[in-house]
Structure formats: C-alpha cells, structure tokens
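Take this structure first; my questions come after.
Here the chain labels run A, B, C and D in written order, and each chain numbers its own residues starting at 1.
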Amino acid sequence: MTTATRTFDWTSDEIMTVAAARALGDGMSCFVGIGLPSTAANLARRTHAPDLWMIYESGTLGTVPAHLPLSIGDGVLAESADAVVSVPEVFNLWLQAGRIDVGFLGAAQLDRYANINTTVIGDYADPEVRLPGAGGAPEIAASCGEVVIIVRHSARAFVDRVDFVTSVGHGRGPGDRERLGLRGRGPTRVITDLGVLEPDPDTRELVLTGVHPGVTVDEVRAATGWDLKVVETPAVTPEPTAAELSVLRSLTGPEARR
Amino acid sequence: MTTATRTFDWTSDEIMTVAAARALGDGMSCFVGIGLPSTAANLARRTHAPDLWMIYESGTLGTVPAHLPLSIGDGVLAESADAVVSVPEVFNLWLQAGRIDVGFLGAAQLDRYANINTTVIGDYADPEVRLPGAGGAPEIAASCGEVVIIVRHSARAFVDRVDFVTSVGHGRGPGDRERLGLRGRGPTRVITDLGVLEPDPDTRELVLTGVHPGVTVDEVRAATGWDLKVVETPAVTPEPTAAELSVLRSLTGPEARR
Amino acid sequence: MIAPLDEAIAELVHDGDTVALEGFTHLIPVEAGHEIIRQGLRHLTLVRMTPDIVYDRMIGAGCARKLVFSWGGNPGVGSLHRFRDAVTTGWPVPLEVEEHSHAGMANRYLAGASGLPFAVLRGYSGTDLVGHNPHIKTITCPFTGQELAAVPALNPDVTVIHAQRADRAGNVQLWGIIGIQKEAALAADRVLVTVEEVVDTLEPVPGQVVLPARVVDRVSVVPGGAAPSYAHGYYERDNEAYKSWDAVGRDREAFTRWLADLTAAAPAATLEGTAP
Amino acid sequence: MIAPLDEAIAELVHDGDTVALEGFTHLIPVEAGHEIIRQGLRHLTLVRMTPDIVYDRMIGAGCARKLVFSWGGNPGVGSLHRFRDAVTTGWPVPLEVEEHSHAGMANRYLAGASGLPFAVLRGYSGTDLVGHNPHIKTITCPFTGQELAAVPALNPDVTVIHAQRADRAGNVQLWGIIGIQKEAALAADRVLVTVEEVVDTLEPVPGQVVLPARVVDRVSVVPGGAAPSYAHGYYERDNEAYKSWDAVGRDREAFTRWLADLTAAAPAATLEGTAP
C-alpha cells in the first residue's frame, strides 16, 4: 500500500516561517535579523505573541512596524519604536548586557553543532563564495538567552563542519560555550523548510526532533551533510492555520510591497 | 615720600573675575566649572569673546545661558545649548577626546606646582576638613589643552605641597605630566584676587608674573605659603573697564538673582 | 508596575542594599530618599555622583554604611554637614567613603549598564585618588602599550530616578539635562522611577530619553518628587531650600528635629488611607 | 564651512586616506561616494560597517586598496558583485579585507571618538574572525580576571555622513535611525557632511542628533544625496534602484558603462560653471 501524496495549500517556506514564529513566546524580547527571521517575528507579533518586544540592530527598540521592513534600517522601524538608540548603544547596553531573551538568526552554512557561517564558502584567503560577513550575528549568538536559527535545508548548507565559524553555536560540543565565556544558552532550535532540529542535551549535536507534514525523515537525511541523528518519534509540525497563513501572506504577498 | 592709597571702584573679586575672563580667547572651547569660573566665562562671552564655546559637565555643549547658572545643571544651560548630551558622553566623547581648549577650575588648596586639592585638608583617613571631592576636575586638568585656575589668595590656600592631589597641575616638576600620560599642557595661569601666577617654563614652579592695581609683591608673598618667586617686573593688570564691570555686575548683582 | 511610593520602596529596597539615587542636579529623586528614611532602612551602600542634600539627609538619618561618590556638596551653597559629621566623627553611624572622579563614576555606571566587568578611561593618573581607592587600577592597551585607568562596573541592587512622565505600561520619559540616569537604571538589578505624572501616550519631546517599561520595575507618581531640585518643564529649582538646609544640616539638634518632622509625616501616597 | 561637494571632497579627501562613509541603511552619503569616484581617488582604505552599493561602486571604480567592514551585501537583494570580484579575482585592483562584527566596529568607532586607543567588548570569542584579524585581541579584567575582546580604536582621516539639515554656521542635525554617524564623525580627523538643506535655525526634532559646527569641516548641500537609501522626513528608500544594481554590478562590462556615464556627468554642484 502506498501513501497518497497530499497536496498542501501552503509552501515549505511558509510552514518554516510559521514554525519559527511559533517558537517565540508572547512578551519575550527578540533580537531580529533581517529576512526570514524578520518575517517570522512579525508574524508571531500579529498572531499569538502581540507583546513580542522586537529589537533590530539598527537601534530600534520595541518596534511595531506597520509593514514588513525591507531592510534592517527601514524607516518604518523607527517610526513605531519605543525608543531609537545608536548602534553602539543597541549592541552594548541592550544586547551585550544580556537583556534579550531570544536571538533570531539565519545562516548560509550550519554545522552539526549549530555553528553558523555567513563569511566565506571555501578558504578564507581564496574563497569559492564570498558571503556578506558577520554583521551582528556573533554577538547575538553569544549574548541572547537563546538562539533560534531559520535556514533552508540542503546538503550544501547543512555541513559536518562549517568552513568558517562566524557565530558560535555549540562549538565542538558540551562545555564549549561556557569555556568561551558565552553567556546565552546558544541555539535551542533550528527551523528549516523540512523540519526542526534541536541540540541533544548531552552531546549538543543537532538532532532531528520534528518534520513538517508530508516530509519524510529520509528526505531530511538526504538534505543534511552529516549522519543526522533522529529522535525515536519525530513530532509532526501542526499545519499552519488559516489565520497564520492569512497574516503571513499579507506580510509577504505582492500587496505588502510598496 | 609715601604713596597715597587709592580707592578703586571695584573689588578684588571683581578684578580677579575680569582678569580670568580676559584669559579666554574668542572662539575657544572652554570646560567651565561652577562658581568663579562660570562667572568669568560668562563675562568673557558677553564682552570680548562672543564665540566662546562653553561646555558644562552636566552635558550642555555650546550653551549660551540667559543668566548665570546657579548650579552645574541649571535648566538655563540646557535651554540654550547647541546640544545636551549624557554625562558619560560629555566626559568620554568631548573632554577625554581632547576637544576642549581650556579648562577653567577653582581650588581649595593649590601648591607651588599648581596641583589642586578639593578633597581633604589634613589626613585623608582623619581629615581636618572634608571638602567636596574631585567632581570633573581630575580629567579636566588632564585633558584640556590648557588649564586656568581661579582661586582667592591666602597662605592657607597657597601651600608648598597640597594635602591631597585631587587634580594634577605640574606634578613635581618638568616631565611629570608627560610621564603620567596627561595630554594637555596643564595650568598655564593662576588668577587670584591679588595677581597672576604662571609656571616657569623650565621648573614648572608657579611664579608671580602680575599684580592687580594697588597690590604689592610683598602682600602676595605674605599670602603665599611658599617662598614665592617673582619675575623681574611684574605686570600690572589693566583695571576693569566700565563695560566689564557693568556686565559683571549684571551677572552677579542682586538684580541677576531670581 | 504603578505603585504608591511607600509600597514600591518596601518592595524594592532592603537593608544592606547598594542603592543609587541618580539625577545630575536635575530630576533628583528627593521624595524617594525621604521615603527610604521613613522606612528606617539601614546599612545601605549609597551611590551617587553628586551626593547633595538628599544624601546628607539619608546619611544623617543613619541609613548608610558607605558612600560611593565623586562630588559631595550642597551645590551653590557649601558643605554637606551631615556627611562631614559622619565621615569625621562617625555620627550617627560611621560612614565608609569610596570616592572617584565624575569621569570614573560615569564610566563605572556605563560598564555596569553594558554588561562589562570594567571600564577603561584616561583618568586618575597622578592623583591621590589612586592610592586611596583600590577600585582604581591600571590597564595596558594591547595594541599601543599605553597605560590607562580601569574602574570596576557599578551594578546597584536598586537604582531610583525621577522622570517627568511615564505611560500606563511603565515606559518612562525624561528630558532636559539627562545626566547619568539611563546608565544608572540599566546598570541596576531593580529600577524604581518616580514621575511627575502618568499619561496615556508619551508624546515625543526633543532631547528625550525613553526607558522602555521592560527595564523598569515600579513607577510611583510623586508630583514635585524632585524638589527642591527641578523638573524641566514642570518646576524650577528652589534655591532657598538649598540655602536654608545649611543651617539645619550644620546642627545635630536642628537636624534631629527635621528628621522627627519628616518621619512623623505620613508619605503623601498613603495619606488617604491613614487615620488622623 | 559650506562648500560645493566637489570642492569639499577635493579639500578633505586625498589618495591613500582612510575614509569612512557612514549611515546605517538610513542617510547613506551616496553622492559623496560618487564624487570620490569622479575625482579618481586611489589607494583608499574604505571603512564602513555595512558596505553596500555605494562601496560596491567605489571598489569597482578602483578607489580602494582595503576594506574594513562588518557586513557587505546589497541589503534585501543579495551580493555585492564588484566587492566579490575584487576580493576573489583582484579586479580592477586587489582588495585587502579586514572584517569585524557590527559590535566590534561600533566599539572601534566609539573608542576612536572617545580618545581611547582601544575598546573592550564581550565578542568574537570562539569565532574564526579572531584568527583572521590581528586587530582582535584578548584583554583580562583587572578586577575579576575575566577575559574579554579588545579591538583598536578606529580614527579615519575623513568621515563623510549625510544629514537632513545644517544651519549656516555648520551645526548639523539628523534624526530617525541615527546609526553610528556621531561616533564615526567624532572619531575622524576631518568631517564632511552632505545635507538635504541648509536652514536658518535648526528647530529641535525628537530623536535628533546634533553635531556642533566645531567638529564639522565642510557642509555640502546635496538634496537627494542619500538616494537610493532614504532620508527620514524627506524621501523613502528606492528599492528598485537596489534591485537593478544587481544586474549592473554582476557584469564587468555593464559596470564599466555605468562608470563611464557617472564620470562623464559633471557633479551637480558645478554644473552651472561648466561649458557645454
């Protein structure tokens, strides 16, 4: 007996974003990276987490943007913020001081210990691909209470060891964050377009703990560049609700563009 | 033949303040201490130095107060300032960065090398007199391009060696400021109610270079707690002009009080 | 979030705490200091760049075992006699003193607010503050070899400030001379803000500092709570009060009478619930 | 003080200088960058937290020998192809790269503006940035023994920023997202500010930063000078311009044509004095 392939009325990017949004609790403070993290955080604030306190590295604290910001320093972030502070202040007095509950990051390359590379693919001195670089990520990964990573799943992105550690996840395993003086707990969830990975409490290695509806464990393994461990019974992500999809599409659809 | 004693139509405090005001060049930036320095700086700005740029440690930059501020943080300083910044900013980004031409300080005790004591008279652990302490003075004395000190002359105030070095003048002599890493030139003039003292270019010891009208060198020597050296022909301070006195009295007279 | 001053002090301030009441001449939280006296708090380490008459009163009342400061005087008037008496004779209780320069104190708060254990500054070099304060050390620049001063971060258990306004959620807005209040609040474990008024919406004001509600523990409405200092846009400095304090503070008996009057008076915030 | 842009650039920027054009997404001094290209400046060390299309253009035009930065991309679009080409193939000239995190760059400017030789931060620990950048060192807290990161002060020869307004004396006012502009300007030896307009009086605006005239060397009136980025209160971000740059920057020939067009056009400020 073969399973009939069901067609969903949402995309893999959409369930990734919805799953990421659900990772944010109401009332949390969240340091938001641009791109997918920003979409997910704004979705959370418009659904289950109306008191999510969003902070962007451009210095906008407690911002409530009327539409999705197009860049990290979009004017819509400043207009609605509790306060707008300078870049040194956002990093020193807010992030470094340990005031932010969750950091929301993307990645170009991610390894089995959730270390992040956004610098180069290949050798640093003679790179195959030159990526944008660190931005705020190293200190977001170091100082937020925890880190949630959103990244599309592929064997090119999910590698055994990143070519360059731009931002530390769990280093090479247990005790590394403490040894490095990193105060936050580090990545607690990696949310992809296929499922959810979490660090094993003992080894700190990323383990597949959940899959999105219609995704098989073998598909996730094939899209992962190391021998991915899987929990006994991976959870299946609840499907996006009509309300979640409606808000998400109002944020990202063509009508949201100015 | 005896000299007739002339009566002046100004007080010794007034000529002190006028002489101090004249020490400020137009267009200079001046870090202003409260009390006599503030009176002198505001007099300068209203007479020969209309573009004097005054900065107070309360964070008011380029302030043009409509009346003499009563305290270092008087509201009149904020209302008229080019910018109002925080206390860390005024000390770090403005004073420490070396942007201020002249620091204008008072003193409770001053020694032959123009070191300033505003902390204690007597032993630190068991003081005869507990004074207010350092305030902004140590770093004003360290970082301004030069320092002008205003203090009333008395043998109790002008001592061979201060009981406590709150703010460094010329240390114990030549090379001391450089050795201590103090970037400004230090005190270039001490203006009192009797005359003007300047550091000897070679020894850095304060030398009497000028007396106010009607003051004799012997009087100054008697009011100085060390064997005061005197230049060959001390200058005599030009008397306050009618304009200077008029502005000064409008600043300090009863009609200036609110 | 919004609570009467007596409740807020009772909740946030405890015997033995390190407490900073900040406000650089402007917006000094004087009424909060009075309430600390009324509640008979003891063994406090009081921190303040410019201890003035509010700390003179708290020291005279015996609240403090230690004072951390950079300039202690009655601004524009003269000395703090209760402070002097405590330092020189130990009345009513001995007062330990740790003193800095303004630059040092400002950077200690800034480091505390920034989550750093220390701050670096060009300061103190050659002064006798160094020898009398073990909290001033030297650090060498790893790039240039230059020697600079290092001071430890200051992280009060409680910071109390006064501001012009808060909204009902506890977002705080202050303006005019902004001093060290933001850094002192962000450096503290707990934050109490007394305000002139609570409003529905904080209309932006040029030169404002906004402290988001999430870094504020309690807001107490205390109109005039900064007097005899001033609140920009609300009331001016009462210079006569500073001058007249000189005679009270100078004399132990006069001070003791002042103290009895203060502690006899119920705090404004609880008056309506008090029997005659 | 107030001078045409071409004169101001000629006076303040020289071959081999370390030059920072700052503006964190907002108020990017794009026209000043174009004028640097037009004047054919060479061997610059370009400094900027977020090199975006203005630095892609300057790098493609061969102005730079080194880039000091923390995030290099076309925000919301993708890569900077001229930057990539210079780094990976050395076209048109090799580009040395020194990279930091945002926190590191912000603190480098802050130290530079504060007259300190270095800054301390919790940062970089465990990252490969440390091994690839000799300007990241470790420092030990003299009070707690904790290890922290140290980065050297950044003091550009010239900082260029764009602001909404200046007055005739050269006092500069900017607001909205204020970024790193104040620190970058105060860290520099020379400062050029392009502005949307010069006004008689700078009416205070909530959230403003004011740079007093005495820290500004030249003000040039360049309306629209931040486009395609935006100037809060004046114009919005031109997202299409960012997107369409991708195709131009991706192709050396298309870029070379763009560059020829740019250098053929006389700068706006000198148009009236130029023969046809």
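General observations
Assume contacts are C-beta pairs under 8 Å (C-beta built on N, C-alpha and C of every residue); 3 or more make two chains touch, one makes a residue touch a chain.
Keep in mind it's a predicted model, so treat the numbers as computed, not measured.
Common neighbours of subunit A and subunit C (chains touching each): D. Farthest chain from subunit A, judged by C-alpha centroids: B.
Across B-D and B-C, the chain pair carrying more C-beta contacts is B-C. If each chain is reduced to the centroid of its CA atoms, subunit C and subunit D end up 40 Å from each other.
Distance between chain centres (mean CA atoms), subunit B to subunit C: 29 Å.
Each chain gets a centre from the mean of its Cα atoms; for subunit A and subunit B, those two points are 59 Å apart. Shared interface positions of subunit B, i.e. residues touching 2 or more other chains, are given as 92, 96, 143.
In subunit D, 115-116, 121-122, 146, 148, 182-183, 207 are the positions where the chain touches two or more neighbouring chains simultaneously. Chain pairs recorded as touching, per the definition above, are A-C, A-D, B-C, B-D, C-D. Against subunit C, in their complex, subunit D makes its touches with residues 115-122, 135, 137-139, 141-144, 146, 148, 150, 152, 204-208. Taken together, the subunit A residues at the contact with subunit D in this complex read 34, 57-60, 70-75, 77-78, 84-88, 91-92, 95-96, 119, 124, 126-127, 130-139, 142-143, 164-168, 171, 176-177, 180-183, 258.
Per the touch definition, subunit D reaches subunit B in the complex via residues 113-116, 171, 182-183, 186, 210-215. Of all residues in subunit D, those touching subunit A in their complex are 24-26, 49-50, 69-73, 75-76, 79, 83-84, 87-88, 99-103, 106-107, 109-110, 121-129, 132, 146-148, 176-180, 182-183, 207, 209, 230, 232, 236-237, 239.
Subunit A contributes residues 29, 53, 61-62, 82-83, 92-93, 96-99, 143 to its touches with subunit C in the complex.
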